[in-house]
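Shared between the two complexes below is chain A, which pairs with chain B and chain C, respectively.
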Partner chain A sequence: MTRFILRRLFTALITLIISSFLVCMLIHLIPGDPVAMMMAQNSSPTPEQLAAMRHMLGLDLPLWQQYFHYVGRLLTGDMGRSIFGSEPVGKLLLERLPNTFALAFAGLAIAIGFGMPLGFFAAYKKGSWADSALMAFAVAGVSVPNFWLGLMLVLLFSMTLGWLPVAGEDWRSMILPAVTLGVTYMAIIARMTRSAMIEVFSEDFIRTARAKGLPESIVMFRHALRPAMISVVTIIGVVFGYLMGGAVVVENVFSWNGLGRLAIQAINYRDYPLIQGFILLFATIIVVMSVLLDIAYAWLDPRISVQ
Partner chain B sequence: MSVVVPAAQSLPAPLTRMASPRRLLLRRMLRSRSFLIGGGIVVFVALVAIFAPGLAPFDPDRIGAGKRLAAPGAKFLLGTDEFGRDILSRVIFGARYTLYIGLVAVGIGLLCGVVIGATAAYAGGWFGGLLMRTIDLLYTFPDVLIALGLVAFLGPNLTNAMIAVGISAIPYYARVTYGVVLSERQKPYVDAAQVVGAGHLRVVVRHLMPNVLPPMIVVASLGFSAAVLSAAALSFLGLGAQPPTPEWGLMLSTGRNYITRDPWLVIGPGVAIFITVMAFNLFGDGVRDLLDPRQRQRTQ
Partner chain C sequence: MPVATDLLDIQDLTVTFGGGSSRVTALHGVSFDLRKGETLALVGESGSGKSLTALSIMGLLPPEGHVAGGRVMLGSEDLLTQSRRDLVRTRGSRVSMVFQEPMTSLNPVLTVGRQLTEGLEFHRGATRAAAKARALDLLKLVGLTQPERRMRQYPHQLSGGMRQRVMIAMALACEPDLIIADEPTTALDVSIQAQIIDLMLDIKERLGTAILLITHDLGVVAEMADRIAVLYAGHVIEIAESLTLFDTPRHPYTEGLLAAVPRLDVLVAGTTARVRLAELPGSVPSPADRTNGCPFTPRCPIATARCAAEMPPMTPLDAAHSVACWERAP
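Then we have the complex of A and B:
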């Protein structure tokens, strides 16, 4: 197990190195001179100002040295300064991170909390009208654009019924964004759980358990649930990453003060250091989450760490 | 190859009375609800896009076709927007943008993904391994995030949004292609082709690709719906189509400013995206069921 964890940490490190390299190189996608684009907010930057900015970002170095310059700064905790407002990028991002985490975890809780039981139920009632209805709902759930669903929920629950606030910072104002974010992944998890359960139900050990006269509830919850859980846990890692991505969009529907809103503002102001920091932070979070989930997965299914 | 023919001729007599595979497939198609409903709507949306100029009651960009923010009625079935443009006409023309965006994005993603995935699977070894490791790495990042990052640096407009959405989906197509090619590669017909002296390129293009193609139809259809969603999200965030383009995501973005007074501004375009995306998802699911009955048996 220790060896498995060490190896997993090593690949995570490689992943982070590659991601930081890609993020560093993104600046060269900017059409024209990146420094001139960044300073466009400043009415007419002098050549000295441009050169100073170029030097600060390390863009005056040869291409292969730029990455080392970038990582060198990252390792001292310096993610650069926001061009607009000149605050440290790290500080700006960390201020918003808790809000995005709160939203993403609330969305995840809704997705798992409703998706797994629904999928389990659909598999148990396979072929019934309830199963068909749930699967139709699942197709709708993966197809609905979350930004539109958000607007529709606001229209119904905030404006027509007046039950929930449109925006704010307390838990009540988090309900609509979390539901909006969670619905798609609830549908995905329900579908996954359903097919995993159906597969498990046809296994020999389930037939054996039933044949020896165990009560149905024990067969379901003790024998069938755990192996099915494993295949669902594996996708939760991917789901979490996509949930964080979805949060970027949903935050902008509900004016939720998280990273996603900051990112869109940064893009509108061409605040490139802030955008780079945002992408790198997201990449790091996703890598860390996937390591944690892999370890959880290996713990659930000991065969994994041996491979 | 003539290897299959003698085997088919020596089939036992009763089996020859079975329906031909084509008839069987047709029968299954007609029985598959997902395939019929999804495919039907896809065809409908395509027809709307093609005949948009004839179908739309007004020019979608005509400012002041009616009163500003008029409620749905006999003349303007879906109402008018903040410039007095007919929303129905804009939704109809929006179908063109949506299908165009989807085709370009899927085209970019599929082309690059298939080349990368097939190369990695066919080459194997450390090269294939390294290629797929990189793809796996990119796959863990949400596609919206990759697209967002690319658009942020390329500059926000519709062309860049399509490119970004296409690139963001490459890992998905590459992974599926890799899996399919890897399993096909181990089949005897590949060895047979190589034994007869076919070169690598010939084996891949003439022998592997025809067998890899059917599963890719499923993947492309599901990928199409994802591409439409991502591109609409980018436009909604102001990073894709720019005004006055009648693009559905952009229409939602401008319409939300009037949501309190005039909710119909966000209903029409939203329903259009929802239905189109669902149609491609159903169609993809339906084709998968048709191609792989075993999978269907397992999951139904």
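Then we have the complex of A and C:
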């Protein structure tokens, strides 16, 4: 198990190195002169000002030196300064991080907390009207774009019924964005759980468990659930990536003061250091999450962890 | 078999699949009995209904399968009319099952120990410690070395033969009266097959457990079975004691089946040439196109018009030998 974790951490490190390289080179992928475009927002800069900015951003150095400077600064926790507001990027991101985490994990909790039991139930009642209804609901959940769902929820629960606030900072204002975010991924997880459970139900070892005379509850929870979880856990890793992306959209719909809103602002203002920092942070979060899920996967499946 | 009492008595078991116009009958009134401590082999080609018979006894038919009639008496209880709760109590405790494929029949994410102890905890109300001690004894009984280590291992860490030994240990856990072994050696290497057969013979000897052996392998049958029931297209067509059946089969299908077993000891008369392996022409009819007659008619060398029209009943030739054939037992 330790070896498995170490190996997994090593590949995660490589992923992060590649991400940091791509992020560092991002600025060169932008068509035209990024510095001119950044500065053109305010006034027409003089060539001296442009050169000074280029020097400040280190863009006048050879590419490999730029990368090593970039990584060197990253390792000391310096992600550069925002062009607008000139605050450290790290500080700006860290301020917003808890809000986004709260939203993403609330969404994930809804997605898993409802998606898995619903999928489990649908599989157990396969072919019944309840199964058909749940799966129709799941298709709807996957198909509906989350910005539209968010607006509809606001219309119903905030405007018409007046139960929940449209926007704000407290837990009550988190309910609607978390539900919006959760529903899509709940549908994906419900469908995955259902098909994984149905597959496991047809396995020989389930027949063995029944032949042993175990009650259906033990057959379900001890024998079927864990093998089914293995494939569901892999999906949760993918879902989490989408969920973080979805959070960017949902935060903007609900004016939730998280990273997503910051990112959209940064993009609007072409605040490249901030965009770079945002992408790198998201990449790191997703890499860390996928390492944690792989460890969970290995824990669930002894065929991986026991060598 | 002197003064043996019936353990299992199956009468007229009929199983259908599907519903409405697509309904087909897979078992046509199968009847046989099994005495305490006896090994009865249920022999037939794939699709003859051997495994279905076993699954019906266990109440484990797939959802499309339906018992349309008959009785499965275990002692004085009819397993077919038992409540679900009682059936769960019977399974694993009084009747248990060893499946064909030990790789997929054990749960890959539970340790061998857990899979052995859970039945004991549920059926016998054993404590963890007691169940563990019993599980260790069982692993020793089925001839596994280092039982403590095996307890902690997962199925994928064991070889095929070891897994089948674990399956057998699991089946024995609650000291059942009857073990149904569905092709217990088919998925194993030949050398391992012999070991598993020896193990099952040894267990039968030591514990007196009755075995319903389901197989198409007549070699296994010859080594293990006291009696043999031959199944063809969902009908029992001949039952006899092993030796009788091998020496004097009466049903033309049984004859064909035995003639199709490769033998190295029989030579063509007056030469040193080996006899060419016989084959049964044709194949088992699909359950969907059955007639009222004997299903073997199209392949039968001695069939008459009556065979095609009417299914012959099981007719006793002597106390231990019955056959369903108009020509051989009119």
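Convention: the second predicted complex is superposed on the first by the 303 of 307 C-alpha atoms of A that agree within 3 Å, B and C clash if a C-alpha of one lies under 4 Å from a C-alpha of the other, contacts with A are read in each partner's own complex, and residues count from 1 in each chain.
Just so we're on the same page, a residue touches a chain if its C-beta (ideal position, glycine included) is under 8 Å from a C-beta of that chain, and two chains touch if they have at least 3 such contacts.
Because the structure is predicted, anything quoted here is derived from the model rather than measured.
Classify the contacts of A:D301 with the two partner chains as first (chain B alone), second (chain C alone), both, or neither.
It touches chain C, and chain B stays clear.
With the two structures laid over each other on chain A, which partner does A:I286 touch: chain B (first), chain C (second), both, or neither?
first
By the touch definition at the top of the document, which applies to A:L97: first (chain B), second (chain C), both, or neither?
After superposing on A, A:L97 lies clear of both chain B and chain C.
Taking the superposition on A as described, I'd like to know which of chain B and chain C A:G213 touches: first, second, both or neither.
second
Between chain B (first) and chain C (second), which does A:I235 come into contact with in this model arrangement: first, second, both, or neither?
A:I235 sits against neither chain B nor chain C.
With both complexes superposed on chain A, which partner does A:D204 reach: first (chain B), second (chain C), both or neither?
second
Using the touch criterion from the header, give the chain among chain B and chain C with more contacted residues in chain A.
It is B that touches the greater number of chain A residues.
I'd like to know which partner A:R222 touches here: chain B for first, chain C for second, both or neither.
second
Applying the touch criterion given at the start, work out whether A:L59 contacts chain B, chain C, both or neither, answering first, second, both or neither.
neither
May I ask you to decide whether A:A167 touches chain B, chain C, both, or neither, giving the answer as first, second, both or neither?
In the superposition, A:A167 touches no partner, neither chain B nor chain C.
Flag every residue of chain A that touches chain B in the complex, lowest number first.
Touching chain B: residues 15, 18-19, 23, 26-27, 29-31, 126-127, 139-140, 142-148, 151-152, 154-155, 159, 194-195, 198-199, 237-238, 241-242, 244-246, 248-249, 252-253, 263-264, 266-268, 272, 275, 279, 282-283, 286-287, 290 of chain A.
Quick check on the complex: what are the chain A residues that touch chain C?
It is residues 203-205, 207-216, 218, 222-223, 226-227, 230, 300-303, 306 of chain A that touch chain C.
Which positions of chain B touch chain A when the two form their complex?
Chain B residues touching chain A: 134, 137, 139-145, 148-156, 225, 229, 232-233, 236-239, 249, 252, 256, 259-260, 263, 266, 270, 273-274, 277-278, 281-282, 285, 298-300.
Can you name the residues of chain C that touch chain A in the complex?
Going by the criterion above, the answer is residues 58, 60, 88-93, 96-97, 99, 101, 104-111, 118-119, 122-123, 154, 156-157, 167, 170.
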